[in-house]
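By letter and in written order, the chains are A, B and C; residue numbering begins at 1 in each of them.
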């Protein structure tokens, strides 16, 4: 294989798509920060950020004040603030790892999106192919593998800060990650069993296959509610969201793993956290909520053209945004667990539940998948 | 030199360099991190071989889970550079080193002899036969792999599944049994120490 | 003697032990809260409604005839817990004929707003009802010096209060009519 012009062209195209997708996810991450602030404000009877505005937008009648009231430009201001703040490096940190940690946290959060299908396009014959950066046969495992690397950012940040509270945050994070990854993986096994019926074209480990198996049929959320519940809880734990934000837990660990971080380095941690949420929501949408397909048991109402592609992507994004809202909603409803409660829930509740769920579905799928001569 | 070759050399350097730095770094945390780098490098090599499944398992199991546990323990026990220096079992580590060097030599010899056996190629293009198409595995389509008839090599997950649960069923079970025994051993050991602590 | 009744705590039911129904109830509560009226005050545009007895920035006031009320007794300076008040006593200016019977007047009167804790003791202790904590609450400045209110500033903030005591006028009348006690 040589680097010929066609290959370079392909590479360039992929890089362009990747850049587009990164910017889309980063924008969504930025705006989920805004959404977090707005929704929390609304739930607490406040109005949230409503002051930031670009000078020329402000003077547009009706639209200007409306956008200002929604705080649309707040993420911009926040980003600029992170950029221009004084960069302080405490004297007692381990410099190399201290600088490395935010990057190690951000890269996995952005890498997981490469195998995430977010829509489909139709060629002239009406055949659909998924919109995806890299259509891996084992996409879901790739996501697990890469997102499990994300914990190193937190652990490194905690350790290199050379200070008590960040260190505790890092330790907690690694323990929590190990505990919940098991339940998460086990909760998905029944999905694979369900999707890969004998003779089916869909590879159960491929996210595209999982999405297409939900086309014009039941969502996997309806078929496998227990799996969905376990996956969701584990997703909260893996993204370090309240009620599982052990590594941060402001009330007992000051700021958790990023206590010693300021300005842009803190900003990277912050964005990485929200990128995790965005990607996590998208993954849940893909696996359990039918991806870009319309409601369960209803075939896609849009035509198989570029309009359908756009509407499908829009529908996928709408579901993802709803899930991001759910993440925020949960955060402002439930108090934080204690550390031992988190461990207890992971090992003694979720893991056995996931195992039982797996066994039940193994039996069920075996019964369902009997050769057609036996079952009517 | 073509692109994939460049990538191969890059990732090979990454994994080998990571491994060497792991052995020679003073601080356990650095050593663990270099080990992660090495593991990820090996995973990338698997990707270059089109073995995505293996690569992902490598990252998922070793880099993602086992090494997190390692780091967790290292940090929890707060092992510093001094702790690494104070290993008293010099003889044991010497013997272990000898054995591993011996294994390496045997492996290299075997590899060298194995490529000598490659009868199709003459001595001068023997170097190239690893890269050339003559040495490539026979292509396997999914449907042939799916019924498990010709399990020579295939990167597909199904082939792995059939291999593990049909052809290599007994080794798999034995390995599982070994792990179970290890787990029971750990439980017994930890129970014993707490009983002593209380007594 | 009242007997303590120990209530048996009922064991949690299965649905209660999963916490899920409780979480759903909580979610409902927070969701319904989203559509309630907001209590936020858009401050610089909207001002808060101050209660009658609000204690704002301490000020000096004049009587309805525009005369200085403070007699520089320095009680407020004495009572002030953070020692924010500094009075330099002086005599009543010669040109104020209707106040010539008043013995003293402040030559300078300073309240350091960086120290003031708005306790209102000065207002309480003032025998002349000359110092009031009015409804001014936002004071700001760029330097420490700016935050020390001098006499002119204090009178500017305080203005005139419509009280009808005219204590010193009564004293003057009494002196002139000869029934001073």
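FYI, a residue touches a chain if its C-beta (ideal position, glycine included) is under 8 Å from a C-beta of that chain, and two chains touch if they have at least 3 such contacts.
Predicted model, so just to flag it, every value in this text is computed and none were measured.
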Contact graph of the chains (line, ring, star, complete, other): line
Furthest chain, CA centroid comparison against chain A: C
Maximum inter-chain contact count - chain pair: A-B
Whole-Å gap separating chain A and chain C, where each centre is the average of the chain's CA atoms: 53
Chain centre separation (chain A, chain B; CA means) in Å: 30
Between chain C and chain B, distance of the C-alpha-averaged centres to the nearest whole Å: 75
Residues of chain A whose C-beta touches two or more other chains: none
Chain B contact footprint on chain A (complex, rising order): 1-3, 7, 97, 136-138, 141-142, 144-146, 148-149, 151-152, 155-156, 159, 167, 170-171, 174-175, 177-178, 181, 203, 205
Residue numbers on chain A that touch chain C, as the complex places them: 39, 41-47, 329-330, 332-334
Parts of chain C lying in touch with chain A, wherever the complex brings them together: 23, 26-27, 29-31, 33-40, 42
Contact footprint of chain A on chain B as seen in their complex: 2-4, 29, 33, 36, 52-53, 56-57, 59-60, 63-65, 68-69, 71-72, 75-76, 156-157
